[in-house]
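In the two complexes that follow, chain A is the common piece, with chain B as its partner first and chain C second.
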Partner chain A sequence: MCQVEEEYHGPLQREELPSVSKQCMKCKEAGAAVVIRAGDAYCRGCFKEYFIHKFRAMLGKNRLIFPGEKVLLAVSGGPSSCSMLSQVQEGLSQNAHKKLRFLPGIVYIDEGGAVGQSVEDRRRTVDQLQAVFRATGFPFLVVPLEQVLDLPSSVVLSAPGAPEWKAGAYKAAVDHFLLSDGSSGVTAQQQQETPPLEVQEAHTHSLQRLLGSARTLTAREELLNTLRQHLLVHTARSAGYSKVMLGDSCTRLAVKLLSSISLGRGAQLAHDTGFSDSRYGDIILVRPMRDYSAKEIAYYNRMFSVPSVFTAGLETKTADKSSIQRLTESFVTKLQADFPSTVSTIYRTSEKLQSCKSLASAGGDRCLLCVCALDTAAENASAFSATLISEQLSQTQSPEQSRPAPEAPPPASQCCSAVGGEACGNRGGGCCSSAEASEPPPLRSLLCYSCQLTIKDLSSEEVLPHYILSEAQRRLRRSQLREEIRDFLLEDEADEG
Partner chain B sequence: MAAPVAIHLEFGGGAELLVDGVKDHHVTLPSQPEPWDVKQLLVWIRQNLLKERPELFVQGDSVRPGILVLINDADWELMGELDYQLQDQDNVVFISTLHGG
Partner chain C sequence: MPVLCSSCDDKRAVLKRPKTGHSLCKACFFRAFEEEVHQTILAANLFKHGEIVGIAASGGKDSTVLAHVMKLLNERYNYGLELMLLSVDEGISGYRDDSLETVKRNQQQYELPLKIVSYEELYGWTMDAIVKQVGLKNNCTFCGVFRRQALDRGALMLRVDKICTGHNADDVAETVLMNILRGDIARLRRCTAISTSSEGEGVVPRCKPLKYAYEKEIVLYAYFKKLDYFSTECIYSPNAYRGHARTFLKDLESVRPSSIMDIIHSGENLSVREGVKMPVQGTCNRCGYISSQTLCKSCVLLEGLNRGLPKLGIGKHHRLHDKILTQQPLTEKEERKLKSVNF
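Entry: the complex of A and B
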């Protein structure tokens, strides 16, 4: 039974800061320099050791990156991804038994065009980053976001993945690697100097028109995230990388987790925030920085001179309430300040999430934008169908929705069953607009619930890049065809997505 | 009367955008009856350096959550935070960890 009379001990109280000793709690010798988590004070040396160990432990624990594998590091210039780059360098310089054994490359997606930076500013940022990248000796690519306009439709398809690694495959790969003298691995890679691609002004304008068509900052950020991810995956595929490392910190993932829930991405959380994300099949996204707080990263970068290049984003200098993502960020950072352990609890929740296997493995339809399994085929009594019904009801009451439907009106009885007799009787012909609403516009039917919301916030679907629109047409034609020949097909329920 | 204090302020991680895009500021805090502490420094910064949107840097008496403070390269949590008394030639760093910084 529920307990009705719970005892509350007054309002939540701010966690008292424990009186920190000024000595390192690890070596108990040197003076402390940084407080990580509530009360753990570390000296410089111990903090460095702790930081480096955590990176290797994260990769070691997950055993996802194989020796000799080509791994693309997505570096935005921000503190977290630059810290990730420095950890990879650190890992490659370690002595044999601790050494990382994969082949790293770097990609920088230049989003300056999307946020309205001048050509000179973009060039300056690229120059600064190229200097950082060149110093690592890793091969690197600078890709302007405008390139997303020229992507092939294959990006939004989940390619068949590498065969499931059996138990022991990792060890076998390590042994094989050691036999084949993997020590030459990194040096064998050429750091080819490709001149940064020239961006046509017209492309920048198209990109700006696309992002500008979003009526809310929330939708604009979601759209930008989606486009960036498509471009990353495509770049990795074309350059022969099988893993992409992303620099999301624990703080960022806590923000992402909560904002994803607010944005209706509950079904995709495991992909969006987990250590590895296999939605694209052949390219796996990995988040090795997910154990570090933004504070740890900022302190490490400062103390050990890890270079990073600040670039303004969509959210820079915006007010707390300008978008759902910004509001969540401000909530999480305030939480972090007042109740330090809560944020890591949020983030640890994300570790325990798993994507619905039945959806993912059935080879069913995937969202045209985020490439996650569609969550819109929910049963009648779900929250999703309830949302749709209330949306339909509210639409029939708004006058601008009552324009006549272009199709021939369906039989009245069928029409009214969708809305309820009363509204139909009052509105006469206007009723048919609800029939239109109950059948989602074509493009939306190819999207998951959350991406539908994003697209709904665009002033026009026509501004979407060609690769998305043409793939949408292909899928719609296919499902139309399937519909037409349905009567001739042998029913096979198990095969249906 | 406490003597004027010359200190070095650094802004990073995007916090520099709030102070004219300049990362390094060498400033001299004028002499005043009681010694300068970090709390008073924040008031001084608000009045003298923050050109726009001060709420993106200070909130209440303290810095906005998500902005880290280092005093002489150590976490200010180890130094008494707002109550730390500034010494001549101190180095105070503010790093924003916020996307919307």
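Entry: the complex of A and C
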């Protein structure tokens, strides 16, 4: 009755507490320098090896980046994306063990205008980052977020992507690359010095008006994320890059997964948090840092002096409950402190998900903002239709009430007429069968569930950038047209762009 | 100036709907709440004419409102259902005995037949006795697993076709969050389903007519209808980890009230990658209940209690199942691990 330990090994064998003065668990020679997880102490050398190997392994396992391909690294200046930059540098260096074989370029999106930084502050940040970028020898672009206002509408279209990778395609590409003098590919690249684009004050003002029109920080952040992504994709397209690398860490992705769930983006989760994101078709977003925790990255950056530059974001210095994203972040970090497996458990969920239901992804409509397949088909019994019903029932039945989506009459009508037949007619608005007049469907009908929530929080839809509004006009006209000729179409074919 | 009801534009509004933010008068709120449950029942085709439906009644607000609304809608819309109340007595003195009194009053008020099944008669253990052996940690596991089976057994005794439970939107959203936090992809996939498909013999299909009703609105409904319900937390400490998820959900709701529905929407639209290993449904080799293992959870838990090894069913000890089935004794080492810890 005197055992305290209830483990399998004998009662006297206590698990040793991790302590800093321990030896490295890998080489068992050098003294440990960092403890990554409870019990995992590494020396400096082994930690570096482990960290570098992880990056290669992530790229090697997924076989998505072809040799000789142009890859754009999206660097925000934060620790994670700067660490990614240093890993690419490391992997391309001559003495690298397993050399990376793609052609990198860097892009920095300057969001200073969106968060209300002064011109001088913005310049200072850009200067600091340019020094970091110059040191890598890679070509780089500094793009102010204001440029998003001048994007073409094609950004929000999913371009016909590269054909499905055939089984042997990757291997063939590697062989081809090796035959055609692959060694000099990277070094031959010139570092082009593009002068940072001057930002017009008027542009900054319209950007601020756009973000300011969001009544909640939640919506403002969502909007900013969307705009940033559009600009990234556009920059990659126009500069001839086919992949964009994002620096999301495991911790970041766990927060993103949980906040995406809370924002109603369940259908888009795989796109938002997976290793690769092919929603734009020709440009594929890749997240090679998704195996590293924020802690590992911080240790590595400090030990090996990886430079990073602090840039304030929308949520900097805000309270926990200022937005859903911010709330989720503090929830996950606090839980992680008490239950150290929180982040990795949430993150592993993201690996088990796939993008949208297959039927919708085939060629159906995509959201005007996030370019994911729409998830707003009001099915029989769904949270979406239940919300619509609640809203209808709480309002006076006025004709101009907006309906987020063209609603199908409840398919349970046979049940409806059999069981509650008289009730349907008597109770005003009790049943949702009242046929809607053919008024022009609003912008919301072009959005996915979550983006509808974002737009709902805007004071006006008119402030959206021109490229979004004009594409919306085009789509609405097109669907109206389709409605008119509907009777003559033999099959309900998907609308071809 | 008093705010007018946004629905009838006539009477004075008495409440702000937590779900939509609209101000409504009492009558319009009742109508909207009932109508929404009705729409859910219709849209999901939950019941067929002539079915016998057991309402899982605990005496709490959710099940009291459920019983009230089910009876009302059954009469108003002529569902043609035969309703009964089904209660489980876990044997928690000072808690369940009081709430069962409420259920008995409800039985009188709604004139519905009531069946009470107790843990003691089904398993030979009351929760009080279980807690005495297990302590206050993991006791909710026993209670939860046993209740699920107890409801099914009660339903079989009553010969009902379906059971409906009082799970509300908050419960469903909370479960989505919990399953993500625990990495339970199989449960994550099915936890948003409004009804369980007929899973096999010995299992009665269940559904959640209040799945899209906000907890706050259920309380408002019960309050304005002056329904008789029991509101006390269980005396055995609530599950700590779930508490985190619950607090998080409440915080989310305060930032954006639609969050609860948004999470359910997310859950309904998740799709799991092909090739992810999922547990396969089988039957328990001992009692024949559905189980993904050779023994169902409640048989393992019960075995643990009876052998004085309460931890047998906590955590994963699948490789011990064969030993339990063949009634073999466990080794000393295994026993030591599974005994409860006394400080």
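Everything below uses one rule, namely that the second predicted complex is superposed on the first by the 413 of 497 C-alpha atoms of A that agree within 3 Å, B and C clash if a C-alpha of one lies under 4 Å from a C-alpha of the other, contacts with A are read in each partner's own complex, and residues count from 1 in each chain.
The rule is short, and it goes like this: a residue touches a chain if its C-beta (ideal position, glycine included) is under 8 Å from a C-beta of that chain, and two chains touch if they have at least 3 such contacts.
Since the structure is predicted, the reported quantities are computational estimates derived from the model, not experimental observations.
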Worksheet item: Which holds for A:Gly264: it touches chain B only (first), chain C only (second), both, or neither?
Response: second
Discussion item. With both complexes superposed on chain A, which partner does A:Glu329 reach: first (chain B), second (chain C), both or neither?
Written reply: first
Worksheet item: If you stack the two complexes on chain A, which partner ends up touching A:Ala41: first (chain B), second (chain C), both, or neither?
Response: first
Worksheet item: What's your read, chain B or chain C touching more residues of chain A?
Response: C
Worksheet item: Should A:Ala32 be classified as contacting the first partner (chain B), the second (chain C), both, or neither?
Response: first
Discussion item. For A:Gly313 in the superposed arrangement: first (chain B), second (chain C), both or neither?
Written reply: first
Discussion item. Looking at A:Thr218 after the superposition, I want to know if it touches chain B, chain C, both of them or none. Which is it: first, second, both, neither?
Written reply: second
Item to complete: Pick one for A:Pro79: touches chain B only (first), chain C only (second), both, or neither.
Response: first
Response to the item:
Residue overlap on chain A between the chain B interface and the chain C interface 320, 322
Practice prompt. Would you pull the chain C residues touching chain A in the complex into a rising list?
Written response: 6-9, 17, 19-20, 22, 24, 28, 31-32, 35-36, 38-40, 42-45, 49, 76-80, 176-177, 180-183, 185, 188, 194, 212, 241, 244, 248, 251-252, 254-256, 258-259, 261-274, 276, 333, 336-337, 339, 341-342
Worksheet, complete the sentence: Note: in the complex, chain A contacts chain B through residues 17, 20, 22, 31-35, 41, 79, 251-252, 294-295, 297-299, 302-303, 310, 312-313, 315-318, 320, 322, 325-326, 329-330, 333-334, 336-338
Fill in: Parts of chain A lying in touch with chain C, wherever the complex brings them together
1, 3-4, 6-8, 216, 218, 257-258, 260-267, 269-270, 320-324, 327-328, 331, 335, 339, 342, 345-346, 348-349, 351-358, 375, 380-387, 389-391, 393-396, 410, 412, 415-416, 418-420, 423, 427, 430-432, 449-450, 453
Item to complete: Flag every residue of chain B that touches chain A in the complex, lowest number first.
Response: 12-14, 16-18, 53, 56, 65-66, 68, 70, 73-75, 77-78, 93, 95, 97-101
